[in-house]
Amino acid sequence: MTEKRNLMAGNTFGHLFRITTFGESHGGVVGCVVDGCPPGIKISEEEIQKELDRRKPGQSSITTPRKEEDEIKIMSGVFEGKTTGTPILLLAYNKDVRPEEYQEIKDVFRPGHADFTYTKKYGFRDWHGSGRASARETLARVAAGAIAKKYLKEKLGVEIFSFVEQVGQIKTDIYFNLVTMEEIESNIVRCPDHKVAEEMIKLIEEVKSEGDSIGGVVRGVIKNVPVGLGEPVFDKLNADLGKAMLSINAVKGFDIGLGFEGTKLRGSNHNDPFHLENSMIRTKTNNAGGVLGGISNGETIYFRVAFKPVSTIKKEQLTVSKDKKEVKLEAAGRHDPCVLPRAVPIVDAMAALVIMDHFLRHKAQNYDYL
Amino acid sequence: MTEKRNLMAGNTFGHLFRITTFGESHGGVVGCVVDGCPPGIKISEEEIQKELDRRKPGQSSITTPRKEEDEIKIMSGVFEGKTTGTPILLLAYNKDVRPEEYQEIKDVFRPGHADFTYTKKYGFRDWHGSGRASARETLARVAAGAIAKKYLKEKLGVEIFSFVEQVGQIKTDIYFNLVTMEEIESNIVRCPDHKVAEEMIKLIEEVKSEGDSIGGVVRGVIKNVPVGLGEPVFDKLNADLGKAMLSINAVKGFDIGLGFEGTKLRGSNHNDPFHLENSMIRTKTNNAGGVLGGISNGETIYFRVAFKPVSTIKKEQLTVSKDKKEVKLEAAGRHDPCVLPRAVPIVDAMAALVIMDHFLRHKAQNYDYL
Amino acid sequence: MTEKRNLMAGNTFGHLFRITTFGESHGGVVGCVVDGCPPGIKISEEEIQKELDRRKPGQSSITTPRKEEDEIKIMSGVFEGKTTGTPILLLAYNKDVRPEEYQEIKDVFRPGHADFTYTKKYGFRDWHGSGRASARETLARVAAGAIAKKYLKEKLGVEIFSFVEQVGQIKTDIYFNLVTMEEIESNIVRCPDHKVAEEMIKLIEEVKSEGDSIGGVVRGVIKNVPVGLGEPVFDKLNADLGKAMLSINAVKGFDIGLGFEGTKLRGSNHNDPFHLENSMIRTKTNNAGGVLGGISNGETIYFRVAFKPVSTIKKEQLTVSKDKKEVKLEAAGRHDPCVLPRAVPIVDAMAALVIMDHFLRHKAQNYDYL
Amino acid sequence: MTEKRNLMAGNTFGHLFRITTFGESHGGVVGCVVDGCPPGIKISEEEIQKELDRRKPGQSSITTPRKEEDEIKIMSGVFEGKTTGTPILLLAYNKDVRPEEYQEIKDVFRPGHADFTYTKKYGFRDWHGSGRASARETLARVAAGAIAKKYLKEKLGVEIFSFVEQVGQIKTDIYFNLVTMEEIESNIVRCPDHKVAEEMIKLIEEVKSEGDSIGGVVRGVIKNVPVGLGEPVFDKLNADLGKAMLSINAVKGFDIGLGFEGTKLRGSNHNDPFHLENSMIRTKTNNAGGVLGGISNGETIYFRVAFKPVSTIKKEQLTVSKDKKEVKLEAAGRHDPCVLPRAVPIVDAMAALVIMDHFLRHKAQNYDYL
């Protein structure tokens, strides 16, 4: 094997509201430390669990059958039911761990997976269920995001939700502004357009039966964001949202407002005219997606997140082994035929973490405090 | 005016190779400090200027007529023609400054611009040509990027280039792998597909004559990236590339590899099979765009960057003034009808900054140093 | 009670080798996440435990009688006995927890403690054994430091140790260069000068019998540091060592080389002349303490760390309660009459964390890698 | 020469109020970028110049005769006399530059200087007047500190000053609480105890006439700091103050409150009892130096900073050349016989930068904003 071995130190997200995640897919635990959480927030394991249950495996016929309760424990930073302003340790023990299932892929680089790059970067890899590269890590993000989401909702009225807009070629045109959390949660694919949802489910079942997988798009929505969040010129709100989403496993694209579609328009059509609404300055249209010059303008933020099809499939694939032999691979491991329904709470969580961090950064410099 | 006033501290990009930019559109200077540049690199003002000339205004009939030479000066950190490892100050003086042209928009929020959000965030704004929110700031990025680009090319053979793939509805299907820098630079729109380039130029001229603007897409390409760059789980190479691009003025979207298109595929089609090529492990296809699990896999990195149409247009628009009156606006200020041709070197520069920073981060932990 | 409530986000130390600590004195757990640890290092719980045992309470007649095994668990980031380059979670459960003992001080600000400042900063405090402000947090530093120490020793030959140089007025003049770890560990006060050690122990026992406490000085020593560590102008090696030490509970001062004593000298006496030793460039004297211009010069680094007397005493003190009444306080809680003997491994650990982080930063930019 | 070459990226200080300095002793410019400065602060070049004049060379008979006006220019980030919240570029051109004076030391490692370590770290060095390692860099700190100092004074009433407490063996026992800025500035050595000041001046003149140099101690004082600044457990206020001071050229030690002296006391004497003063909670004594648990408690912060004697002397010294030959050196270059009088404004500036940054961090999390 290669002699080059490297490490990583990229497991922290955020500046003032910061999370550091840890844990492997088939190791003992997965979790995170939340540093910078304001004190005095009432938070319980039950509230966090509620978000985690939306992400957990085995929740429906179209998700992986791995059985994990993803039971979260608050281990520090909360005193008498409230955050104290000190680091919060959130921990979930892995239960349905079957390292033996990965024995056969131990020396083989699975296509689409991080097996090859981790091995080259670090010199070897934890081959039990993708180790650290597993999407199981996102459990920690959802747990931390639940705290941010609660704070933002209660203190600022910020509402964050997302839904499955597209699976494969099937796409809903539902207007995000009319969507409610209830409708999103009303079906197992998390698409609020019931008719399209049925088609999506059918497609996923079909793909599953073929041992294949399918990609899709999640639409994210953030309402009631205060004006002024975002720190140009590099830490623009849209740039940090983009980074947050692109750091999620399997994400290959992000756009905000009209995004790629808007590139076809002329300025006279794309610009959102300002006008007065109940003596407040608002834009008539919202093609910008709630962000101007990298700073929130008070309009609804909406964006798209592109997920590639899950790399684990049950079809035979060609690949290469660690000792440089070309081999055939029939993938082991339980998996999701389509990651989108479980990705929805992850997108929510990352959005909450970004808004929370930028809210604190913004507040640091609020002039009228003095 | 509002009493709420805030500040920003988001003007630094990178961890080990870090740039901090400063300067306003119509202020005295624009520039940056580069900290963390390896010592011993030969660099001259001429080399940096070459990149800047690709970005500068007035370079062709389809760019803004503002006359700026964007003459760069190396003010520190270079000794006897070589970098010393200490901070490099890069400075360009603004020359064609006409603050008086902005008098009439001083109290008005231009649609699509950051006038409104900056005023709300900071309490007031430098209204001379958008102040800090002007794309003039990207001059500093291009200058710093030139150093990174040179280092990466000479030391590692990394090649970075980008081109205009789409303007409005006009799009080239040219295969990025066949594109050369010469062809990109062979026409004023920077599209290497000559026939399509002509159509694009025609469209931009048409849009210009109407006093309007148009958006488009830049395709970025990075070749010969070493395997192993990227720091999961948050500082994935694709996430940092995305953030870099989304921090450029007018950018509304980013995708990598097959990106949004790839969401329609099945895993069996999307996965890139590994095979041996001259006894090296390579992928047969490159749908992933050179990144697996957030780490470079040695294949070519390619991505798209979506630019909205320029906000400054010469058509009448409705808007609101600082004192909350609805007014009509006929935009002042010289502008680009289409920002794409000048955006190409900016995309190059941001790509170089990301790769450089990740290369140093990767090297920090290279095991075989010991 | 005050309405002002704040949070903190200062629980992370280091740039490339980063630790984030969490946990409270009488909460469930104390521990940390180590991010950026190079992969491939053999590390066991036993090795870490060995360092922790030097810090743990109840180890001798002159330390607090609290009974904690401080049993450390490696929960992630290690695979088949080696680090993987991913985050390492280190965890110890609190066992001898007696929150009820703190009931009576719950509403009272203990002099010398952080009760007052935490309450004012965060709006309330976890009053169980000082919560987060307890020196129990340093357990996590020692655990993380053990990994750094091992790496530095094995890969670079760096040796780190410290000892008690002064307790109250009693001081040893032993030359640090002659001290060995064995001698330091040969007595319970961790002073390698046996005669002085006996006096120190006697003093501490006396102080203890009076229900009082006493301060002192730890001498830190780092041998075989490679030339070149330290990142001017702000992240000088001495500046980061100073910050590391000053972040330890009860530390009020730090100096390096001749330090405060050296201020009385003239340059002609203080300057260390260079000469050749076995054809290596060395200094004849080492008044600078191994650092020139903020960068290690290859000579032994030595420094002093000043600890104030422990704030918890069993004597009656005057103070004020939360509801602003002047009250008398007879302190509850078990405590150390002198923190110095247990501080020695903490100083070692912080030194190891600083050297490790700077070694990786230095290596990031090592030119001959290319 | 060595093949090992490295770089540095340690030229940024602060988190929310951040400065990045650049420039060499005998290069074109010295200066910094201030990022994160709140908008709306009135600031002029004259105000900054006033602080710089206290640091500039040639100000008296006991400082270096180098003639530099250190004329500061505000190049960006200020609009109509007020900060805009965007990066502020502060620039001073070097004028009295005599690189030729350094020709003879070009290949020689001066004892006490960074010549050796810079050469080993970066592969070569800018030998013109110590290049980046020169204390000339502190000009930028003083300029940035002037803005912070003004903000803190006007908005919060914070007062920052420091003075020379000791030169060689000569020491004043003046009580810092009674010292005024006027008295500090009333003599050229900046010691408010006039009798002792005369002795100090005499000593410095003596040392100067011998071609030697002498060290000393600066006492720093910060009054009216709001309760609550400091971010445990690592970014404690005292830890960041210590780092700030230890990053200044020639500083070898720092202590706060009773510091090293306090280590000799018992807890019953060292603890500061709380009591009520005009119904405010205050401490009767202030042995802690205004910081408890790493957080400001509202009492005056006072600390000591130890400066070694200046390394440049006019006496013959033994040393080694780049090509490893033992040589004699008679130092060239103009220098200060005692750096203390000019160090006073630098200590002030670093204190202001730390308090400012921590004030913004504290404010970020202020609960009652909501």
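Chains: A, B, C and D, in written order; residue numbering restarts at 1 for each.
We adopt the following convention: a contact is a pair of C-beta atoms (placed from the backbone, for glycine too) under 8 Å apart; a residue touches a chain by one contact, two chains touch by 3 or more.
What you see is a predicted model, and the numbers here were worked out from it, not measured in a lab.
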Query: Which chains, if any, touch chain B and chain C both?
result: A, D
Query: So which chain is farthest from chain A, going by the mean of the CA atoms in each chain?
result: D
Message: I want to confirm something about chain A and chain B. Since they are copies of the same sequence, is their interface symmetric in residue numbering (over half shared, so same) or not (under half, so different)?
response: same
- prompt: Just how far, in Å, is the C-alpha centre of chain C from the one of chain A?
  reply: 38
- prompt: So what's the Cα centroid distance for chain A and chain B, whole Å?
  reply: 26
Message: Taking the mean of the CA coordinates per chain, how far is chain A from chain D in Å?
response: 45
- line: Where chain C touches two or more other chains at once, the residues are 5-12, 15-16, 21, 36, 38-40, 85, 121, 123, 132, 361, 365-367
- request: Quick one: which bits of chain B touch chain C in the complex? Just the residue numbers, please.
  value: 15-16, 36, 38-40, 85, 155-156, 360-361, 363-367, 369-370
- line: Contacts from chain C onto chain D in the complex sit at residues 3-13, 21, 109, 111-114, 116-118, 120-121, 123, 132-133, 137, 166, 168-169, 207, 212-217, 227-228, 230-236, 238-240, 242-247, 249, 251-260, 262-276, 279, 281, 283-284, 287-289, 292-297, 304, 306-313, 315, 317-320, 324, 326, 361-362, 365-368
Query: What does chain B use to touch chain D in their complex?
result: 5-12, 15-18, 20-24, 27-31, 33, 35-40, 75-77, 79, 82-89, 121-126, 128, 131-132
